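Attaching a single structure in structure tokens format; questions to follow.
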Amino acid sequence: MWTLAIELAYWQQTAIKLVVVALVIPTAALILGYVFLMKMMSFMQSRLGPMEAGPYGTLQLLADGVKFLQKEDVFPRRADRYVFALAPVVVLVSTFLLYVVLPMGPDAVVSSLDAGLFFVLAVASLSVIGVLMAGWGSANKYALMGGMRAAGQLIAYELPLVLAAIGVVIQAGTLDLNKIVLAQANGELFGWGGMGFPYILTQFLGFAIFLVAVQAELTQPPFDMPVAESEIVGGYQVEYTGFRFLFFFMGEFGTAFAFAGIASVLFLGGWYVPGLDPASGWFNLIGPFVMFIKIMAVSALIFWFRFTFPRLREDQLQKLAWKVLIPLALLNIVVTGVLKVLV
Amino acid sequence: MSVTEREQRAFIAAAAADARVNVELETEGMTLNIGPQHPATHGTLRIIARLDGEQVVAAEPVMGYMHRGYEKLAEVRTYPQVTTLINRIDWLGSFANEVPFILAAEQLMEVEVPPRAAWIRTILFELSRLANIALFLGDMGVQLGALTPVFFAFRDREFVLNQIEAVTGGRFHPNFDRIGGLKDDLPKGWIEETRGVMVKMRTFCDELEDLLMGNEIFEARTRGVGVIPADIALSYGLSGANLRASGVDWDMRRDNPCGLVYDQLDWKVWTHPDGDSFARYWVRLQETREATYMVEQMLDGLPAGPVMAKVPVIIKVPAGEAYVATENPLGVMGYYVVSKGDLGPFRVKIRSASFNNISVTPWVMRGVYVPDVITILASLYFILGDIDR
Amino acid sequence: MSDTDVTDTDVSEPDAGDAAEADPRHIAAVATLADVLGEAMLDHHSQRGELWVRVHHDSWQRAGYALRDDLGCRWFDFLSAIDWLPSPFGRDMDAEQDWPTSGPPARDTTITHGVAGGETRLQIFARAAAVEGNPGGGNLAVTLKADLPNENPAIETWIPVYAGANWHEREAWEMFGIAFIGHPDLRHIYLPGEFEGHPLRKDFPLLARRVKPWPGLVDVEDMPSTDEPRS
Amino acid sequence: MLLNQFLILSAVLFAIGVYGVLARRNGVLVLMSIELILNAVNINLVAFGSYVSSISGEVFALFVITVAAAEVGVGLAILLLLYRNRRSVDLSEADLMKG
Amino acid sequence: MRGIGMLKGMGVTGRTMLRTLFPDGLRKPVPAPSRGAHTVQYPHVKEAPVTRARGVIGLHHDNCTVCMLCARECPDWCIYIEGHKELAPPRRPGGKPRQRAKIDRFDIDYALCMYCGICVEPRVRVLRAPHRRPAARRRPAGRLDGDGAALRDLRAGRQRQAAQASRSVPAPSPPEHSPVTVLGALVAQNIAFGVIAAIMVFAAIRLVTTRNVVHAALFLVVVLGGVAALFLLMGAEFVGITQILVYIGAVVVLFLFGIMLTRTRIGDEEGTDHAKRLPAVLAAALVATVTIYAVVTGFGDAELPADTRTTTAEVADSIFSTYIVPFEAVSVLLLAALIGAIVIARRN
């Protein structure tokens, strides 16, 4: 593997990687927001979507971002100032931490933790704290209900998320995301290894449960009770204005991008593309583009659900999680375990 | 699967008892204000719901935010001026508001309307039904969280509104009906255009049937939610699709067609035994399709002739009382016109459909969950102008 | 009423009520109401497929039960009231400019009643219909009327008869000042809490027309001297 | 890194936890202080585990975490029951058993 | 939950997207969304109003004879007319000069006007005109101004989107607890330990002194986060991540639920501390000094080995080999706690 011309000290590498990640997340949120929330949704509703800002409305989200920034930062009078102010930061922290282990290439990862996947699932549960803080801090009945609903939902859907991912871990034998990608690159299905072996072929049930659980973690329809516009008018985000609401917006789309990334790493073979030797350094360059295409594919599916389905009720949502998703995920683990041992 | 009335009563009683007595997690009630300014209320209706956790113990609507006092205003205006007033009651299907009032005045004056005027009136009546119910079909989706159906509804409703505007000059407030006939005749080429629009409306109904009706989530959210048995619906005076969804086979257009030409068409009255939110949506969807077939039949059989009867220029309606009600898109709307023989009516009692349709909500919302409050409100389909007059 | 034949002396028929046209169902309905209510049924009138029956205000609830159970009119349509006093303000279509010298024209204040007569100024009327049975055959609908005493208009509530009457009675109380005996929570339904006065009564002025002078200004003073055309 | 750094820090946390348990009347706050104590213990476990470079330190830390989670669950259930009967979670009022 | 209905629903949205993107069907897949969509880009493209559209009322000044019919007929009383009478030249030479009414002011209060079109009705009824053939046989002076564009502006719902495109992107805050890998120079570790320890002690003190219960829970989160960071500092990756998942993800949420269900007030709670706190402080101080003295004398300058990184595999192996019995015991304990908590909390 060829090395860079200059030798960077360890902490300089981490600093550069952090800056890259810090820039990638807002742009990822903007791209995702624009392509899907603006354009794909409009085409599905036979309209054009924003066309005024920039060519074909590409700068619309930038304009929104600036609009949010210059908006007044309003605090409800009876709100708990610190809790209200800190809530969006906590949600954003959990989004940023997700990107620490997301591999875009053999070396293009901030720090390839040994228990990478476990770290992702742990950090995903951090946003619950932020949501509860937002719900409680804004001293508003609708926000409190939104916060309680969000907490119940995120906790209930953490389990199917973890169990769905365990199927892949059993098959790959490791928790480190880069090693999972390599396992998918070199593995072969019933002896034929030509096209590499993305785990979606055997783990399709796991992939389905993972997508449903991601839909719930992102509080998107059909699971958007916490921010149900027609019932509790925006849920825990109801009192937020200005850049704090921008944090929530960026948090939501940043997490969507991250979860789509993790889904493509676990099930679609990550940055690997058949026809190239997985160990070659070239993947550091083309890896991000491959990952971007796969992420866009998975996000298209996520947002397609979002624009088509109505909303479930909380008790139906909990029933779906505990009575349908978790048993299915356990069944998937058992089958994968048995097949792993036999084959 | 049809929910028998006894089962439903047991469900409501159990849910209500459960909400009132059971203190599973001791959280004393919270009064939630589904306020006058809320996306789920078509306008300014406020629901004060006493909650126990997520369950509603008691819900009580508060109205009057949009009360314009039409009955008092009507007493100081002449008959043509009252028509401009009353087509703002149900502003979605506004031609349908004018018709019963004009029919009542014509009944008092014993004026015979030329057949072509009666046919055009019925065509425009059904077109305003299409415009009104199409919005409901989309709006029910958005109340339950689906974003796309409402855009389909607005997109296809635009064609119907263009047709109404081509004839009457106004998309929302046509003001086209006169005592003794209509203001004007149909423009040239309008009939062919309307046939095309009817085909578009039918594809809209099919699309919504696939998008919402078949959807398991939609069924899970609406089946068995807000069940109104037939006798409760009758005693509260529900009308229109809400009544037919509870299994009562009654339609003013078929049972007493006063001035319109429904008896010369062949069409079917749709009913559904369950009486829950799903049934109400289903009945309205079938009625929209039925309306497109009726309009096509009427376009075929439109007689020639004048559109205005011989009516004196200064209209003084002879003294007397008349009550005429027609099957408006929202339900039965009727005008009880008392006249003492001068230029304006002496007293007009406006019987609006949504006022009765909403009076059943305190009964039906005991013990339901908060999201179901929104589903029930959306399925009862009211317009605020209709409630507050 | 001892004898069974029905006295249909519509004494206060304003126009020539053609009794012959009354369809058989109305006659049957009036007959059943007569023997249930006896002399409480004061007057009835049938015209163009509509049946009006005026009952004494004491037996208003009894008439309601009869309507629902004996005649099968289980669908409650509406309940409201009429104030028969002609409006002391006329119809506000003429402004002060129209009568600069003579002052407002004299308004007649004699109370005349509509169909099926009436004695007092306030009259309550409700309508119910039998909707089940013969689809397509037109259904029986009866409008019950009752006169309310002039001093304190009060009448029994119809809530046990038709649950839907609750809101209609609240509206009638608010708009006409009719007290409903036995109504659980008589409070304002449309008007703000502290509103006094009953708007739909004829003697309640319509402020919109009082505040704004009528725009139809008519140029009434006579011509300037007619010697030469103004330049 | 000195082993003592971790031990002193956990001692300080332990002391703060003890103060919390003794000085607080609100049940939820007492439970939180107990959590503080358990975490101080955890730091010690892992510190000694890595000092003698054996894995048992971490394993025991895991067991302590699970026990603590179970303890909070039951503790909060009891507090809820207390709240339902007494309308407050003030532990000093729950002195029915005091002689 | 059979999925067929949902797939059909996705089919509908998918088809609409394709029909908007490729209006000429998939055989000629040239993307032309502006033609496929049903919407019109309002400010640039304006739809022509219908011939009969009732627009803004206009007046033919010379035809008006100030007969006031339209003012009287208007339901909203929004037409204001003032006129005066004057003499006009006689029609026939030598005839008597005729009286003509001239209009001075014709205003419509567009706040009230609802474009009902009654004032331009061909058969305007004259309210009080003496009963001769009304002069209104001719179309009245005010004719319907067909200029729909003004109308279209008034009634157009689509407001222009003001778009100021400027490129300032908010500077995101770098992650707080980015795990520092253990191998770095020892100096970095000590700095990290110092910072984390200070934050944790401050948070712990605030936890036990604050009167706002929710703040206490959030300080607990900070402490737990610090402990997780320390675990990562010491290389115990798996335990650190478990700490985040179990403690911060679940236990603190349980606390917040507990706080909310016991109806604590938004601001400060009164009566969270005992009146006399001195003995508690003394006890805590005593415990602290005793342990610190024992630790300092016991492990004067014991050094932690440089690379103490343990992998998940090692932890897993030891759990399922040497510590299998406590593992099973803990799982049984968890089950008991689960059922116990539900039985206690659920009343009936």
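The first chain written gets the first letter, and so on, giving A, B, C, D and E; residue counts start at 1 in each chain.
Criterion: a contact is a pair of C-beta atoms (placed from the backbone, for glycine too) under 8 Å apart; a residue touches a chain by one contact, two chains touch by 3 or more.
A quick note: this is a predicted structure, and the numbers were derived from the prediction, not measured.
Once subunit C is left out of the assembly, the remaining chains are all still joined by touching in one piece. The chain with its CA mean position farthest from that of subunit C is D.
Taking D-E and B-C together, the chain pair joined by more C-beta contacts is D-E. Chain E has its Cα centroid nearest to the centroid of all protein Cα atoms in the structure. Work out the mean CA point of subunit A and of subunit C, and you get 66 Å between them. Computed centre separation for the pair subunit C/subunit D is 76 angstrom, with centres defined by C-alpha atoms. Centroids of subunit B and subunit C (each the mean of its C-alpha atoms) stand 25 Å apart. Put simply, the C-alpha centre of subunit A and that of subunit B have 44 angstrom between them. Within subunit D, residues 80, 83-84 each touch two or more of the remaining chains.
Contact with two or more other chains is made by residues 44-47, 307-309 of subunit A.
The multi-chain contact residues of subunit B, meaning those touching 2 or more other chains, are 23, 25-26, 78, 148, 152, 155, 211-212, 215, 217-218, 220, 343.
The touching residues of subunit D, counted against subunit E in their complex, run 1-9, 11-20, 22-26, 28-29, 31-33, 35-36, 39, 42-43, 46-47, 49-51, 53, 55-59, 61-63, 65-74, 76-81, 83-84, 89-90, 92.
Contact residues on subunit B toward subunit E in their complex (touch as defined above): 22-28, 77-78, 80-81, 84-85, 148, 152, 155, 158, 162, 165-170, 173, 175, 183-184, 187, 207, 210-212, 214-220, 313-315, 343. Note for the complex: subunit B touches subunit C at residues 63-64, 67, 69, 71-73, 75-76, 78, 107, 231-232, 234-237, 243, 248-250, 254-256, 269, 318-323, 325, 332, 334, 336, 338, 340, 342-344, 347, 349, 351, 355-356, 359-360, 363, 388. Residues of subunit A touching subunit B in their complex: 41, 44-47, 141-142, 145, 221-222, 224-225, 228-233, 306-316. Residues of subunit C touching subunit B in their complex: 14-15, 48-50, 52, 74-78, 80, 82-83, 86-87, 91-93, 112, 114-115, 125, 127, 131-132, 135-139, 143, 162-164, 166-167, 175, 188-192, 199-200, 202, 204, 206, 208-209.
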